[in-house]
Amino acid sequence: MMLKSKMPVRLNAAEETLIAQLRDAGDGAQAERLNVTGLPTRRVESYHYTDLKMLLKAVPPLVEAANSASAPALRVAGAYQLLIANGVPHPGTTAPAGVIVGTSDGAALSAHDDVLVRLNSALAKKSLSLTLEGSVDPIIQIDRRTEGAAAHSASSARIFVADNGSATILETYSGSSEAHVTNNASYIAVGRNATVTHITVDLSGDGVTHFATNEYVLAEGAKLRTLAIHAGSALARTQIFARFAGEGAHGDFGGLNLVGDGQHLDFTLDVNHGVPNTTSQEMFKQVGRGRSKGVFQGKIVVARDAQKTDAKMMMQGLMLSDQAEILSKPELEIYADDVVCGHGSTCGELDADSMFYLMSRGISKPEAETMLVRGFLEEVLDPIEDDELNEALTAVIDDWLVGAKQR
Amino acid sequence: MANPILEIRNLHARIEDREILKGVNLSIPAGELHAVMGRNGSGKSTLSYVLAGKDDYEITEGEVLLDGVDLLAMEPDERAAAGLFLAFQYPIEIPGVSTMTFLKAAMNAQRKSRGEGELSTPDFMRAVKEAGATLNIDASMLKRPLNVGFSGGEKKRAEVLQMALLAPKMCILDETDSGLDIDALQVVAKGVNGLRTAQRSMLVITHYQRLLNHIVPDVVHVFSDGRIVESGDKSLALQLEAKGYADFDSEPA
Amino acid sequence: MANPILEIRNLHARIEDREILKGVNLSIPAGELHAVMGRNGSGKSTLSYVLAGKDDYEITEGEVLLDGVDLLAMEPDERAAAGLFLAFQYPIEIPGVSTMTFLKAAMNAQRKSRGEGELSTPDFMRAVKEAGATLNIDASMLKRPLNVGFSGGEKKRAEVLQMALLAPKMCILDETDSGLDIDALQVVAKGVNGLRTAQRSMLVITHYQRLLNHIVPDVVHVFSDGRIVESGDKSLALQLEAKGYADFDSEPA
Amino acid sequence: MYFYAAPKSTPAPTSLDEVDPELLAMYDKLGIPLKEREILAGVERPNVAVDAVMDSVSVVTTFREELAKVGIIFCSISEAIREHAELVQKYLGSVVPVTDNYYATLNSAVFTDGSFVYIPKGVRCPMELSTYFRINEKKTGQFERTLIIAEDDSYVSYLEGCTAPMRDESQLHAAVVELVALENAEIKYSTVQNWYPGDKDGKGGIYNFVTKRGDCRGDNSKISWTQVETGSAITWKYPSCILRGDNSRGEFYSIAISNGYQQVDSGTKMIHLGKNTSSRIIAKGIAAGFSDNTYRGQVSAHAKAKGARNFTQCDSLLIGDKCGAHTVPYIESRNATAVFEHEATTSKISDDQMFYCQQRGLDGEAAVALIVNGFVRDVLQHLPMEFMVESQKLIAISLEGSVG
């Protein structure tokens, strides 16, 4: 019944560049589609708070290349490191036991009707490919870096964790502070009764536009814990698409949106309980400072026959500035009746009673603030059991707290 | 003679449009423990919050001196640095901050204000262990986030632990007995009594006489309708327990 | 001779793959009160649920007659209409539905099934007031949502109140003593005893002998591993209390 | 589809005898105890003033004189346009602009009638004001327009009930309701809606696309929407509050029940603009049959809305495994001092509750009705008494056949 405009959209510079890049990459169909629809605006539901047409002003040229000499922005002692530089996978040195490393042609994501997914699929030429068998001890770190002059790059990794396997995978994004546009994809298939922890940390420079899509498929009895941290970039959006494909699987999805002045950081989550007897918990925290925008869109979908689903989602926002915005859209889309699903969303400033309590113990106002903010944020790290990893992630929060004061 | 540790003169305070403290006068010399008793709603807790510097209240008249220094001009953290400690009736839960981390931050804040360096971790641990022993505080409690999921007794013991570690000149205990069973009360009282010295003063705010069997006051004040209406020795508390507060009410409103 | 009120013949029931009732035989004549005692996990509560028609259980064999009528063919509400009442071990909370509203709905449902008209509000109020008096149930309790925030005692008293108002032929009381202190137990027992008549039969399921001091049974059955293994008079309960259930165990698994 | 039709029986009835008996019968069937016959006959002290709208043209207006004594204007909007042009001009379209949305534009273009209420300064309306709508012309749309103005320090409670006879073909209802509350004024707007939802196969039924918006224009003003939605084939409806005045308050209490093939998409918007504004949302959705039931809401605090507060509770209940329940809240905080709390749950009626009720002799449907009534109690208690009791019955009727 709604009136739909048949007028072609007026394209902006970013869109025109993307269309040309798609054509050059040989994907005429996607180029044509983008030509008709343009980038999503706020009228596209899944981009309601992240209007790409408005936010993406320019797209730099596609650049392949560049070995990187710099170090990853986050180091965890003993981790096995793999590098993807400017979209090109560089399988590392000798792999630890149970890890098979390779590359494969094309991108890793399955077809998802989303513009960032389509762009990644069209532009990523090679995926890093990992197969993990048994219990993999060292943390696997995929260090994705974008170096050199401003570039548009698409990178992709495909990870299979075999049945009964276990692994911890850390992905970090960093590089030079030029106005890069990076489009990253990770596809992780968690085998039967396998246990996986997957952590992504965006530490990109402050000129960067960072897009990431993390896609998960959970087989029967699989246990997945994810944690995504935004601590860099000018514009970042991490899309988390999880699909429960086997009964008895459980997923914990966590996120930390550290939003400073001038940043627009978006978590968009879609957890699909497609089969009966699966459970999930989603816990996302956002903190906003300066003139900034933190976005959380989280959707729990329970399919018609997915009885006995138990899913609980929580978003907590903390505003430290009058010019910060925290935007939250938690959604439930439920088609099965024998379920227990819920979500909560809270937003506010630091609690005055807590501040008074700390100050009455002699703790100064700025220190009390930092302590409360840190406490608020670090709760999300509590479930990360590996001490080295937990410390490294705590350091990300601490750095942000210190850096954010200067912003 | 030396200054009293706490000197309150004609203190008036209001919250929004309601006057709650209506001219409080109170002087506590060094080493003395005074009790303020009154019925619920008489303004006792307001007095403790005003002294500690909670900013919901507006001071409309009067002054408060801590060891001769103007207390009301200071921020809450400065009051703490000056030696004032309030044991809260309802200690606040601080999720994500372990009790240990908090204690260390509080102790170092005070040391810093005195121009001292940070405590070394072993020294800190030793101090906590010593002070915690008499209060039945074990290591697992110290690892938990401050006051989060603590029982009533644990919360009050944690308050006294903080008091012990921060070594204030002036302690205010607000309804420390509320929510405690008799066993927990005895542990807390023992902790408080252990901190009584000739230099340190205490103000115990309570509704019931019960607490004063365990923490024996030098002076008892009766608080009614925003001011002290009667003062006496500890027998006054017993008299209150027997007869109730009605005798001390000011003319009916 | 008249039919027994309840007649259970060789009843077998399972939940999922596990057989819980393994051939129960029990006959309760009009006016008698039987107790079934057994250790936890022996299947006592299953028996009560199966009789009331909870659909988690599959009946694999046997039959149950209520006053000569096949009980197992009926839905739970039909069983209630036929005169079966189960006082739950853990009464279920019904948020937003006042106890009063619930009682009225239940009474009118039963009247409807007997072809009677709805109770007038004054008649209903009178009935509730009368039945509630001996159970210490006051008006404020009746206004609260059913079982929501009720104490253990309040829940059990509300069960007996329902039993009194619905006037069943056959009452099953499942662990009515659980979660009650002695005072509460006496009130409940008094309520139950007041409902014993020559026409009404009762089955009291319990783990402890304690309840049977207050609600004295005509017959005591010992339940073990899904069936009745011994029956006797009330002295059997005392014997169980003294010696435990071990003597009655079937051969060890 | 015709956009609107004026009633064929042209002269407006001047007494109850002239009112279409089918309309009265429909009131009976709706079960809302208007007691209008008694009231009109002077049997009972009037407590409800009725302005019935049939096919968009006001047919009965009662109690005007008594209201006029205290300066209250309660009439059809067409009459208001003639008699109170200055008020209509000042306020009509000031809350819902003509261009607001497609259906509002349509309404503005073709609206024929509706109700007008004006409560003067300092007046507490002595009775509940009420309008009943009915759609009885085939293939018509209904486009009534309601405007309620509460001057400083005034209070009014307004009840709206709707019903429609059974029709095969779908009909469109695209009303616009505007509320204006000035300083210290309070408007309470209650709706019970059970329009024809279509038959068991999903054929026919009303399309209900209503734009309802309240403007808390003055400081300390309050607007509260309470709705019980059980009808219509498709409902899109978001009664909203613009909290413009400092310390103003908006409330939304909603029960939305869908059965058969109904699609309900309803919720609210609370737009916090002023300082220390507060809002409260309690939404209870019940989905049965093959229906889809969506709560869609927006809570936003503007950068200047210092100290804004919102509490939202959305609970959905599913009855049967062929229906859907969805919750889509948009929560937008642009002020650090704003405190928002939102909670939502979705579940089915617990088996334990069902068994317990059935053990007491309630059959499946009665047990469901009882439990559902408990589930929606927090909302029901915000309805005026006479609506509350009847709403409970309506809920039971709406869920008939939902227990298999």
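The first chain written gets the first letter, and so on, giving A, B, C and D; residue counts start at 1 in each chain.
In the analysis below, a contact is a pair of C-beta atoms (placed from the backbone, for glycine too) under 8 Å apart; a residue touches a chain by one contact, two chains touch by 3 or more.
A quick note: this is a predicted structure, and the numbers were derived from the prediction, not measured.
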Remark   = Quick note, more Cb pairs in contact for A-D or A-B? It is A-D
Request  = Could you grab the centroid distance between chain A and chain C? Build each centroid from C-alpha atoms only and quote it in angstrom.
outcome  = 56
Query = Between chain A and chain D, what's the gap in Å when you average each chain's C-alpha atoms?
reply = 42
Note = Chain-centre distance (mean CA atoms) for chain A and chain B, in whole Å, is 48
Remark   = Within chain B, the set of residues that touch 2 or more other chains is none
Ask   = Which positions in chain A touch two or more other chains at once?
value = none
Shared-contact residues (touching 2 or more other chains) in chain D = none
Task = Considering only which chains touch which, label the overall pattern as line, ring, star, complete or other.
result = line
Message = For this structure, enumerate the chain pairs that meet the touch criterion.
response = A-B, A-D, C-D
Message = Taking the touch rule as given, give the residues of chain B at its contact with chain A in the complex, in rising order.
response = 52-55, 75-77, 79-81, 85-86, 88, 91-92, 94-97, 101-102, 105-106, 109-110, 113, 145, 162, 166
Message = Under the stated contact criterion, what part of chain D meets chain C in this complex?
response = 350, 352-353, 355-364, 366-367, 370-371, 373-378
Message = Can you tell me which positions in chain A touch chain B when the two form their complex?
response = 351-354, 356-365, 367-368, 371-372, 374-379
Note = Per the touch rule, the chain D residues reaching chain A in their complex are 102, 303, 316, 318-348
Contact footprint of chain D on chain A as seen in their complex = 1-3, 48, 304-305, 307, 317, 319-349
